[in-house]
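You will see two complexes here that share chain A, one where it goes with chain B and one where it goes with chain C.
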Partner chain A sequence: MLGRTLQEVSAALKQGQITPVELCQKCLSLIKKTKFLNAYITISEEVALKQAEESEKRYKKGHSLGALDGIPVAVKDNFSTSGIETTCASNMLKGYVPPYNATVVQRLLDQGAVLMGKTNLDEFAMGSGSTDGVFGPVKNPWSYSKQYREKRKQKPHGENEDSNWLITGGSSGGSAAAVSAFTCFAALGSDTGGSTRNPAAHCGIVGFKPSYGLVSRHGLIPLVNSMDVPGILTRCVDDAATVLGVLAGHDPKDSTTIQDPGKPFMLSSLTDVSKLCIGIPKEYLVPELSSEVRSFWSKAANLFESEGAKVIEVSLPHTSYSIVCYHVLCTSEVASNMARFDGLEYGHRCDIDVSTEAMYAATRREGFNDVVRGRILAGNFFLLKENYANYFIKAQKVRRLIANDFVNVFNSGVDVLLTPTTLSEAVPYLEFIKEDNRTRSAQDDIFTQAVNMAGLPARQPEQPGRQVVEHVVETVPGDVKNAQKQ
Partner chain B sequence: MWARAVLLGHRSWMGWHRGFTSKTDPQGSGRVTAEVIEHLERLALVDFGSQEAVARLEKAIAFADRLRAVDTEGVEPMESVLEDRCLYLRSDNVVEGNCVEELLQNAHRVVEEYFVAPPGNISLPKQDEQQPFSHN
Partner chain C sequence: MAAPMLRGRCLGRCWALACIDSGSRHGRGAATGFTSSGKRGQSFVAQQPLLTAQKSRKGEHKWAAVVGLEIHAQIASNSKLFSGSQVHFAAPPNSLVSFFDASLPGTLPVLNRRCVEAAVMTGLALNCHINKKSLFDRKHYFYADLPAGYQITQQRLPIAVNGSLAYSVCVGKKWRQVITKTVRIKQIQLEQDSGKSLHDELRSQTLIDLNRAGVGLLEVVLEPDMSCGEEAATAVRELQLILQALGTSQANMAEGQLRVDANISVHHPGEPLGVRTEVKNLNSARFLARAIDYEIQRQINELENGCEILNETRSFDYKLGFMPEPNLPPLLLYDTASLPAGADPQQVINIDRIREQLPELPSETREKLIQQYGILPEHSFALLNEVGLLEFFQNVIKETRAEPKKVTSWVLNIFLGFLKQRNLAVNESPVTPSVLAELLNLLDRKVISSAAAKQVFEELWRSKGKTPSQIVSERKLELMQDEEALERVCHAVMEGHPQVVMDMKRGNPRAINKLIGLVRKVTHNRADPTVIKEILEKQLSS
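And then the complex of A and B:
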């Protein structure tokens, strides 16, 4: 039952094959069994069971709320959840209990979804491995798969049985692991530079990044206001579409959500791709790309071509500057967003009482890890008067060039771009930590962040077996109506 | 008593500064001087904490310097991908509030309905003002 898709299980609930409470209990029990993955920071057992009971009552009366009623979901721990601790995997927010739900959380709950818990992440969503949170790293469920074990030729009771575990990617690694390990049917992540697609790629599931402005950010503890979006992680594309249908749409509490009236999002059963034009950006073929990823990329392109789609090479000329541009804009906005954490109204507060500045400084030293502090300092450097024009404004100009690259490609008749998400498959933790967070992020976000800067939607589809590939399915940038027509 | 405790705290926090300037290294441009370090720490109210952190900043700057190679003549900065749309305003009606208790719950120091802050307008001591305690 737990291995089914959201739509399948929803049908099972409707038909009475299983009750919401039974389903919830099964997931809770699996969460306990897979605790070693460290995917969850908080397991909201009582809340979940209560929600499941209410869902059961609705099903009994025949008044289920929809496809998500009674479905176990998980939420990344940088989304505010009323009455449930929200930590962003940081000492700064340990013990912080928000008094409200993020809009996306509220929308899930309004549809009857059952909240299993808050998932682990890199501290404040900064990172590409889900290894840098204060609650420890998240382990990729595939580390324990038969394929991986055979590949490593591990002895059954060897000493180093667990030392070669793979990372989940990040920063929404906990959500990805939770879905991949069957402990829930959908999870929320966030995507600023690839944080939903990267772990989805490494954990073999679907990761969807909606267009900027489609899904409300109210309640998502912000990293980069101009690029953040809530992301959706599921085990199949249809499920992602179902969840998107629930989450998308204008929110009066988030003025960056567009007000265009939308049609409910329905995935057509698109078997005819002969009218599709698929672009392969040549600049994405970098030397660092692993041969495995490259071969998957080729296979995917060939598959589309053999089904009648037109597959052509395109150019996104500013690709090589994209990660640098992202780095400057990201650290600058982070420097601003992290300023709210001063210990006064919420979060960690140190004991120093001499002056507000001293208290703030010590609180922030104690509350933030090196990665967060490093980005704040870098951001402040780029925002200094003498640097502002040469770094921040310059990066904003380059951002326009990058966004224009996409516009030009889509205006030339291309419907969709097909690119890698990651350079290689999930690496063992021991290898990942050989480089620091900033270096890793610069390496791992290389394919994913351009799309965040341009505000485009992108999807990492599931792959059977250990996946490494990706599709980046784009529609005309910024044009939500078109996105909904697809 | 408390002044001493604070000076102690500060010393450990800023004491490492002395002797810590960024050496001109091949990757960086030696731009992260002691002055810059102090300035950034004041602005950010976050400390570097180690020479490694300074080195990381140098690398971050060197990385960002690659942007110079891009020709942005005549290009306008892009602040948001939604720049072609208007930010809208909600109507000026109160729809929620009255949640004083909930909001105060998350604060550590509260007196009646106030958040309690230490005295303001006291700048952090400068680097060269760090003296061993002159009084006991």
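And then the complex of A and C:
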């Protein structure tokens, strides 16, 4: 039952093959069994069971709320959840219990979804491995798969099994692992530079990043406000569409959400791709790309072509500036957004009370890890009056050029871009931590993050090989507008 | 900007000086070619002793002072600029704080329509160009009563620019000459107010009240077109009256709804402008004028002693700058011509609609008073200067047959004098407009003398509830209507003062006044002096 898709289990609930409480209990017990994955920071067992009971009552009365009623879901621990601790995997917010729900959380609950818990991440979503949170790294469920074990056996030097697990990617690694390990049927992630698509790729599930402005950010603890988007992780594309249908739409609490009421998301079964024009950006063919990913990429392209789609090479000429541009904009917004964590109103506060300034300094030193502090420091440097024009303004201009690259390609008749999500398949933890967070983020966001700059939607679909990604560009009105927003 | 001016160690000083910085020189634009901009926004000041600043002690060089102002007016709105929290003065600490105001992570700003309308209306009243597109920025600084670590303001593209404010100063020997001056308005921007910090020195604690955090402010930047404290105070006063007339701010300085920062420099006319200093958080009109004049004099003294002017505030200005506020899209306004077809009126703001709703401005009210009642310009200023006085005046006029000039004189001299002596506001007066109107009617019908009227007025103040007529009859204050009796009194007085009569006969013009005074004393002020004079003259010549 747990291995089914959201749509399948929803049907099972409706038909009474299983009750919401039974389903919830099954998930809870699997969550406990897979605790070693470290996917969850908080397991909201009591809340989940209560919600499941409510759902069960509705089903008994025949008044179920829809496709999500009684469906176990998980939420990344940077979305505010009323009455449930929300930590961002940081000492700064340990023990912080928000008094309100993020809009996306509320919308899930309003549809009867059952919240299993809050999932692990890199501290404040800053990372690409889910290895840099205060609660420790997340382990990729595929590390324990038959395929992976057999593959490893072929290697000559027998490594220690326990230490050679794979990373999930990040920063929404907890959500990806939770869905991949069948502990829930959908999870919320966040995507600022690829944080939903990257772990989805590494964990073999669907990761969807909606257009900027399509889904409310209210209650999402921000990394980069102008790029953050709540992401959706599921085990199949139709499930992602179902969840998106619930989340999408204007939110009066988020002024950057689009006003258009929008249409419900119904995916037609796509049998005819002959009218599609698929672009392959040549700049994405970088030397660092692993041969495996490269071959999957061309395999996918060939598949489309053989079905009648037009596949052409396109150019996104400013791609190579994307990472450095992102670095300036991201750290600047981080410096600004993190200023509120001063230990006064909520969160961690140090014991030092000699002066307000000393209290701030010690609180922030104790509360943030090196990655967060490093980004704040860099961001404050870029925001200094004398540096602002040289860095921030220039980065904004480059961002516009990057966004225009996409606009130009789509204006030229391309419907969809097909690109890799990651350079290679998931690597072992011990391998991953040989490089620091900044280097890893720069490497791993290379294919994903330009899309955030442009505000475009992107999707990492489930694939057996896991490394092929298509970036779907929907016909959502306002995409281009949003892309030009900055 | 509402940045708390003094951080840490310089508490208790009202100005601050910082390092010399060419950027801190006043950029006075084209020499103000402004004359009166017409009817809008005139103000009045009853005295203009141009400062000591104008002359050096040795009288060698003249000094000229240059004063610019940044004024923060709290917007009169039910809720805050970006949150639904209510706005109230003196509510229990931290009782009006939303999740956004406390900067809980994940909360986002949602712009309050009322605040935007107030900014547009104020901009229109101050002859500004309203920007149809304006932007919000974050201004960063660390301070305990600024929970987010930044203030949302409009630094790059404010909502209104390039306006003007006309105010009037009175000059001449009797200050009868009204001169209209104009100060240019650089911009009006929407921004958040900060919270309040209360420092408990005894327990070395800082207590934070966030009730004020996030309240909408209009920052009005006045170009350095003023030259002394009195001019600055007068301009501020006029702005205050305009804001109150518009209802966009209560603009009560004592409650901090209107706060003023002044930039001040001195130079020799014809030479480049001097280094400026800042006098911040001025929250009373009288203190404003005095603080500016004091600072001007201090700068002159410094310079004459060969010292340099240092601008200290700069050193506290964290060099952290601005950043676009990513959570707020550009603020778009429309006029009737540009209004998108089928737009939801709740979702768009039409500048032309707001222009239609502009109420009468103080300058227009004064002009009307002058036209309608023939009163002096300075009296029109005085009537508007006191909260509720104009309404009081108009109500008296409605109910009395007395001449408007007479009413003006009574309201401005006697009534206002009584209020000031007792430190009362107009609405606290025990004398209502109809009571004063009745008193003035008695005077107009010559039932009582003006001296008696004043006596009645004093009595009204003491014994609430009595009508003027009651007091007149109780105290027997009616004018003597019996001319024969008055003739007898006059005769008796003349008999009793032969020396004064002799003086009068010799042609001393003052002597008759003395006799009149004596007669009035005998009649307990109940005789009309003009009648007494006639009788005396008649008796003398007979």
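Going forward, the second predicted complex is superposed on the first by the 459 of 486 C-alpha atoms of A that agree within 3 Å, B and C clash if a C-alpha of one lies under 4 Å from a C-alpha of the other, contacts with A are read in each partner's own complex, and residues count from 1 in each chain.
The rule is short, and it goes like this: contacts are C-beta pairs under 8 Å (C-beta built on N, C-alpha and C of every residue); 3 or more make two chains touch, one makes a residue touch a chain.
Just so you know, these numbers come straight off a predicted model, no measurement behind them.
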Could you look at A:Ser226 and tell me whether it touches chain B, chain C, both or neither (first, second, both, neither)?
both
Of the partners chain B and chain C, which touch A:Gly455 in the superposed model: first, second, both, neither?
first
Would you check which partner chain A:Leu401 touches, where first means chain B only, second means chain C only, and both and neither mean what they say?
first
Quick check on the superposed pair: does A:Tyr360 touch chain B, chain C, both, or neither? Answer first, second, both or neither.
both
May I ask you to decide whether A:Asp370 touches chain B, chain C, both, or neither, giving the answer as first, second, both or neither?
first
After the superposition on A, what does A:His218 contact: first (chain B), second (chain C), both or neither?
second
Touching A:Val328 in the superposition: chain B (first), chain C (second), both, neither?
first
Residues of chain A touched: more by chain B or chain C?
B
Looking at chain A, which of its residues have contacts with both chain B and chain C?
99, 226, 252, 255-256, 259, 342, 344-346, 356-357, 360, 380, 384
Inside the complex, what are the residues of chain A that reach chain B?
96-97, 99, 212-213, 226, 252, 255-256, 258-259, 318, 321, 324-325, 327-328, 331, 335, 342-347, 349, 352-362, 364-365, 368, 370, 373-374, 376-378, 380-382, 384, 390-391, 393-401, 403, 436, 438-439, 442, 453-455, 477-478
Show me the residue ranges of chain A that touch chain C in the complex, using the header's touch definition.
79-80, 88, 93, 98-100, 102, 217-222, 224-226, 252-256, 259, 332-333, 336, 338-342, 344-346, 356-357, 360, 380, 383-386, 388, 392, 485
Within the complex, chain A is touched by chain C residues 99, 102-111, 138, 140, 142, 144, 147-150, 206, 208, 319-323, 326-329, 347
In the complex, the residues of chain B that touch chain A are 2-3, 6, 9-10, 13, 32, 36, 39-41, 43-49, 53, 56-57, 59-61, 63-64, 66-70, 72, 75-82, 84-85, 87-90, 99, 102-103, 105-109, 115, 117-124
